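Next up: some structures, all given as structure tokens.
Two complexes come next, and they have one chain in common, chain A, joined by chain B in the first and chain C in the second.
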Partner chain A sequence: MPLWVPVRSQVAPAACLSPSPEAPRALSLFSSSSVFPLPNSQCLVWRTDLLVISSFRMAEQPYMVASDSETTGDDKSQSAFHDLAIGIEVGTSKCSIAVWNGAQVELLRNTRKQKAMRSYVMFKDDTSTGEVPSGGASNKTAYEEKEILSGSAIFNMKRLIGRADTDPIVHASKNLPFVVQTLDIGVKPFIAALVNNVWRSTTPEEVLAIFLVELKTMAEVQLKRPIRNVVLTIPVSFNRFQQIRVERACTMAGLHVLRLMPEPTAVALLYAQQQQQQQQSLHGSMGSGCEKVALIFNMGAGYCDVATTATAGGVSQIKAMQGCTLGGEDILKNVLYHLLPNFDSLYSNRDMNKIRSMGLLRIAAQDAIHRLSTQSSVQINVDLGDGTKMQRVLHQSEFEEVNRNVFEICEKLIKLCLADSKLAAEDINDVILVGGCSRIPKIRSLVLGLCKKEKEYEGMDALEAAVTGAALEGAVASGITDPSGSLDMLTIQATPLSLGIRVHGGGFVPIIQRNTAIPARKSMIFTTTQDGQTEALIVVYEGEGKMVEENHLMGYFKVTAIPLAPKGTAEISVCMDIDAANTLRVFAGAMMLGTDRANSPFFEVRMPTLDDAHGWCAQALVKTHGSALDLTTIPKELQPQKVQ
Partner chain B sequence: MISCSRNPAAFAFSMPDKAILISNVDRTFHFRSTRMTTVARSRGAATGIRCCSGKKGREDSVPRNYYELLGVSTDSTTQQIKDAYRSLQKKHHPDIAGQKGHDYTLMLNQAYRTLMREESRSRYDTACGRRSEWSGSNFSGLGYSSWSGPLRSQALFVDEHRCIGCRECVHHASETFAMDEAVGSARVKVQFGDHAKNIEVSVDSCPVNCIHWVDAEELPLLEFLSRPQPKKAYGVFGGGWERPADVFAAAKSLKKQLKEQEEKKHNRNHKGDAEIEPETPAQTKARYHASMKLQFQELLQVFGRLGEFFVAEESKEK
Partner chain C sequence: MTALPSSIPKPCCLGGSRMQLRVSATARPAQTKSATLYELLSVEKTAGPEEIKAAYRVQARRWHPDACRTAVDKAYFAERFMRAREAYEVLSDPSRRRDYDVSLLRADGWAIAVGGGVVLRKGGCAWGFGDWVSQLEGLKRRCAVEEEESWGSRMRRAHDSKASDLWCLLGFSVSE
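Coming up: the complex of A and B.
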């Protein structure tokens, strides 16, 4: 340890506890010397509590942030909590932090006493400190919404992170005040913020990292301890590639992701706790209690998730999950296009005045949508600045008509989720509505109607439920126990998407089906498609499509040393393993003919291996190798059956 | 026991490049990485999955079947399985137990998934030969005692569990009753082997009233059950022989079980018909063609034979 103590004592206070503007500086200074392998220690420690922006491959490397409390010694009193993970929910529009304080979950407030902080990063020119980006979490000077929409701030990073420029969501983001450029070749989109009248490029991960540094600093100041471990909530529809990007942003911010939790499962954990406490107070015993089934509908600004959970005795089992990229942003967009049909053409040239008036219109529309939750019609009065004024009344019926497609998709998601979990509306005990959009009357009536319920579940704050659940998970997974038993609980997660490999002809064969309880491990035997084939390509995909093109490419590797045999006789075993932290490992190799033994050492690959979700990697593979390295399935009867 | 047709060879999930080998307990590679450890072994012959700690002692304590793993009885309800699963998850889930719970939780998930669905559960039960099925399968339907004279509706039966081995019955009717020296109790050798009067005396003479007149139909079942049956062994535990304390109750339940099994089989056959997937148009067409071909083949053959016959006749005439 002496190796890194002196270095840290100089740097850590500045990097961790200084106001955020210094942090990005520190990163460029110390990024090169941020790795300290410890002599005779059991693990490698990566110094990542400095903001490190470099192009390391996060996908393969486990990170652990060095403990800062070992040497400082001033937080001995909190030693039990020194590595307690905090829960962070970075929403598309708002974000919040929560932490288990020893008795309950507490939401942290920023200097402006806000629990829900607007998520954005302002790349504003500040002559005194240079061009330093600052996030929206803790800055003293609260930027007004108008300024955020001036093009100098990047927001909606949750919608952009990990998406290729062919993604329709990225295309839809082009009407945002900052620049989103696409070339439609399946690479990372170019995004840029306006600094000094220049469009300065950045990436969604970088923006998220800067924002997380702010959150981290804020939490460290308030909790008076360094923060390392976090439980982050993510939308259900995030694929593994997007998850990796979120993890990478966390690593840049010096945070170690203990768990990435789909938002509804965090809510499910909170629900499990509430049910358990309720039953304890009723019966006073710690029995397993009766089972309760809940449907959780979560719709925020960017994503819509549905999950069903069965809860008993503090254990919540996720039965099924469905999610899609649909949220307040889409509703807002629909309203904007309704108010101003030629919205696209008006703002395509990105002149400053237009951006400003677009911002004003966004604010007015957003406000109108909020007010429509309680009123049947709202008056919109907005001066767009360029001489045009908009004055009109928006009725609720009009609003619902404009957003009919949104509601239809919601309905479809709920039906799919119920079908997946093999539940009928009558089986559901509680309907939990969370997220900002759950306040829209039409959505409430829609969800309750589908579940045949009069009332929704009460006792959960729609905006705080997910982050509270994340903080609970953080406490449980950090090994904190509570004498009153309020941490005696668990969420058994499920895989939201199927995982499988490509077979001959471009078909997708799932190995781990969706909604399988995590941890999960499944193996399947495949066979060759060519006579004397000695090598086979394992191309791993995630998704629900029958053909691989419809799914997300996770990575690929080659299995070698297949014994010489006619086609269809050699056996290649492919095993997939997902652990509780949702890490996917693919394990594959060829078997000796007619035996259960490996022909040569197996390959183990942690997925995703791809740096970008390049669909054309798969195309290149097909172009170069054709079907020479293809695999195919073997009949079900011949698959290994784990019967004990 | 586990029967696995084929299994991937022993492997270990690890991150060798990032991990430092800290020990190789019992020649089992054991990696510890900074973030997580997943050491697993897929060995079809044992369990498929084994605890990661790799201690040899653990190998013996690996549960033999899913019921044992969950700690429930083989006839438990889905609710009991659910409860057991949840309470075990609370102990072993990696969120609570850390990474070492990974493999155990994998087994739990596998067991749960298998046992929660009626279809896969019954398949699993048959595959591992559950007790309720073997006790029925051993039963041949025939009794052990022979009959002297015509079959009658009533028969004699000695409740061997209650018999104290006083030999009174053997003394009074030695052709009918015999002593089983190995078990130490009397049993019926030949139904109505002695004079009716002698039999009556011997029944009355029993000090514990363990000789019963029973329905001839029930006799085989009772005789089957009163013989000690081999008990299923679990390594050191279990094994040996057992027989029910109350043979009449046992007979009743076994009868019910057999009936249920019969019904199930019957239902399955029926269901099997219903469950057949509806034919696709292409299949219908193919089937139609095939049946046509078969029919015509018959006709053609008949024609062919007729033709041959006529040709033969003609040649004969010539």
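Coming up: the complex of A and C.
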């Protein structure tokens, strides 16, 4: 029988798994299981109460299913690796899995011997499934890519997950072959895949979950053990809402997220390990060594991240991070619109022929972009069907001009990151370029130029660095020790986004600033805006905007029992706490007038508390309560300065 | 002082430095004083930037929650790590360190008596485990928000609640 065990510090419940060999067992164990037929032959099995638990998780102690059948280890050596977390990088375009094999990190290959697998799930004819077992399509086999672009496959889920239909990224995804519908009301977008000439709906989490199940099964077959714990990499710009969605997809896939790691910090860990090994071989012993500072630029198909890290003696400190939703997808879109200025109007009606020709054009454009990394011009020849052919030459200069906005944003991110970390180009020892887009010559020269470096750091595979770092973190977090000391490492993470609350007038006041080292706890005093105000709304946001609308609403709750007093005199203390597992708790309460004691028990709220429709909530709060429950700041010099 | 590694930091720690307002206005014996930032990092007051950085790394390795293998102690580790981190942040910033050094000197003797007369440089460090800075802050704040009761009455009351005070300073509460 499964046991329900409260787990103190961990993140998400791990539970059912589906089309793996263990599915029948999972089914029999869970009497209350529901079997959800997905729009293909697969079924995601989940317990009716699992959904309750996963939302429960946001507010309360998480619970994890521990099956006693798994705890009986064989021999000692195996049991050490029994629960070893694997590293997974689910990219917008490609995905890979890596695991610590006892001496080093090894990337797993699919049945077609590929380490980088295309991230998509095919919904087709009620028979086929996601990608992994059949292997990711390489760019050279156009046939398969054509299939992916036929409308039957959902891809780019990393760009869609956890976003509302008002998000510009969701709107930009409407030019993809599958259906993305938006109603602009701040709810989950409608997405659908073409199955037997019918658009069948699904959700980004569901797609990600199916994909993760496949990855899990693949890893289980190869490693010959059940996989439960994972370290997953995420983009820097993922807000907590998106993180919850990713965790939930993992839960649906029967995976337990040990840690969600921003991609550049995974790269930073790998860098720290390499530096440590280098210094060990130089000096023969493990000293603290001299500090090395690296700038990591990571740009893949969906996201662009920049981070700076300082490492010495196995301890790396993330000094600053910046990220945004910008990647190969945007570059591709710019090129598509350049090649076919009337792209949108051409493909607004989705008949089969149009989808096919759009797919062909996408493939041709993608191929051209890849080739432009090594050539100064490429010939594009593509037959779009219905009599239209495209024959033209694309020059590198033309490509760079079309994508000028992309390069400008990259430049801005790097400058911001350097400023945040209080570093000048001269302070940087190494520049690490990772991700598929780091192969674009213009991007390389831009990053190196800004860092005043002749060449980039060598010794990392641009496409494997993040997943390798995730696997390292998985080994470290699983408590594996290595005699050579190569796992004797610590990464001090930082919060990529500021966290704060709404104040009177719709302003956003950060309490924990971005790039604060984790764990962190900061508090601030606020005051009332009405005479005799006895209640106040604490509305928690995450982001960098000065006004709350620009940020992400995480949740809200009401502080009560504020002592009766003229406006501006009562004191409400709000404290934010992020623990090492990156869980955010908000404490708030009113102080007794003129004292430092709480007037009544404080509130402790785990964030985010919101699920869907967060676009509505903020408006509804304002509509219903106006400014009656608003708070405002007190002057900075009157704030307590110390964190404790 | 034995810290009680209870699991969750209780909101009683919220008041931040203002908790220290309750400490008696007369200079306290050195032993009961909170550790200085230098003591937190186990460095001499003369330590250079590299030394401070290295000391911080040692503390981070020791106290980062990731280095903690027992779930029960994680919160205590986090607490210790955050203190070391704060100490590092102040001491690695030359101007904040200078301000802190000044506050340390003053806290040693006469500062409290004349505290009200000292004006802090704007944006300077009103931070530290030394008491007078926070007392000063408290005073300034009280002046700004029309007093409802006297400083003395608060001090007297504060005296009575010294026990809970200790936990507050530690950032912990007694487990039930």
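We take it that the second predicted complex is superposed on the first by the 548 of 644 C-alpha atoms of A that agree within 3 Å, B and C clash if a C-alpha of one lies under 4 Å from a C-alpha of the other, contacts with A are read in each partner's own complex, and residues count from 1 in each chain.
Everything below uses one rule, namely that contacts are C-beta pairs under 8 Å (C-beta built on N, C-alpha and C of every residue); 3 or more make two chains touch, one makes a residue touch a chain.
In this text the structure is predicted, and so the values were computed from the model without any measurement.
Trainee: Let's test your reading of the overlay: on chain A, do chain B and chain C clash or fit side by side?
Mentor: clash
Trainee: Just to be sure I read the superposition right, which of the two partners does A:Ile363 touch: chain B = first, chain C = second, or both, or neither?
Mentor: Neither: A:Ile363 stays clear of chain B and chain C.
Trainee: Looking at the overlay, what does A:Val315 touch: chain B (first), chain C (second), both, or neither?
Mentor: both
Trainee: Just to be sure I read the superposition right, which of the two partners does A:Arg606 touch: chain B = first, chain C = second, or both, or neither?
Mentor: first
Trainee: What is the contact status of A:Ala598 with respect to chain B (first) and chain C (second): first, second, both, or neither?
Mentor: The answer is both, since A:Ala598 touches chain B and chain C.
Trainee: After superposition on the shared chain, which partner residues are touched by A:Ile409: those of chain B (first), chain C (second), both, or neither?
Mentor: neither
Trainee: Which of the two partners, first being chain B and second being chain C, lies in contact with A:Gly568: first, second, both, or neither?
Mentor: Second partner only, chain C.
Trainee: Taking the superposition on A as described, I'd like to know which of chain B and chain C A:Thr583 touches: first, second, both or neither.
Mentor: first
Trainee: Output check: A:Leu490 vs chain B and chain C. Expected answer is one of first, second, both, neither. What do you get?
Mentor: A:Leu490 contacts both chain B and chain C.
Trainee: Let me check the overlay on chain A: which residues of chain A are in contact with chain B and also with chain C?
Mentor: 288, 291, 312-315, 317, 476-477, 479, 490-492, 517, 519-521, 523, 573, 575, 577, 579-580, 585, 587, 589, 591, 596-598, 602, 604, 638, 640-644
Trainee: Can you list the chain B residues touching chain A in their complex?
Mentor: Listed in rising order, the residues of chain B that touch chain A are 1-11, 13-15, 18, 20, 22, 32-36, 38, 40, 42, 44, 47-49, 63-66, 79, 82-83, 86-87, 89-90, 93-96, 98-99, 101-102, 105-106, 109-110, 112-113, 124, 127-128.
Trainee: Residues of chain A touching chain B in their complex?
Mentor: For chain A paired with chain B, touching residues are 42-46, 60-64, 259, 288, 291, 312-315, 317, 473, 476-477, 479, 488-492, 516-517, 519-521, 523, 525, 571, 573, 575, 577, 579-581, 583, 585, 587, 589, 591, 596-598, 602, 604, 606, 638, 640-644.
Trainee: Once bound in the complex, which stretches of chain A touch chain C?
Mentor: 8-9, 288, 291, 312-315, 317, 476-477, 479, 490-492, 517, 519-521, 523, 568-569, 573, 575, 577, 579-580, 585, 587, 589, 591, 593-598, 601-602, 604, 634-635, 637-638, 640-644
Trainee: Hey, which residues of chain C end up touching chain A in the complex?
Mentor: 7-19, 21-22, 53-54, 57, 60-61, 64-67, 69, 71-72, 74-75, 78, 81-83, 85-86, 120, 122, 125-128, 133-134, 137, 140-142, 144-149, 154, 157, 161, 169, 171
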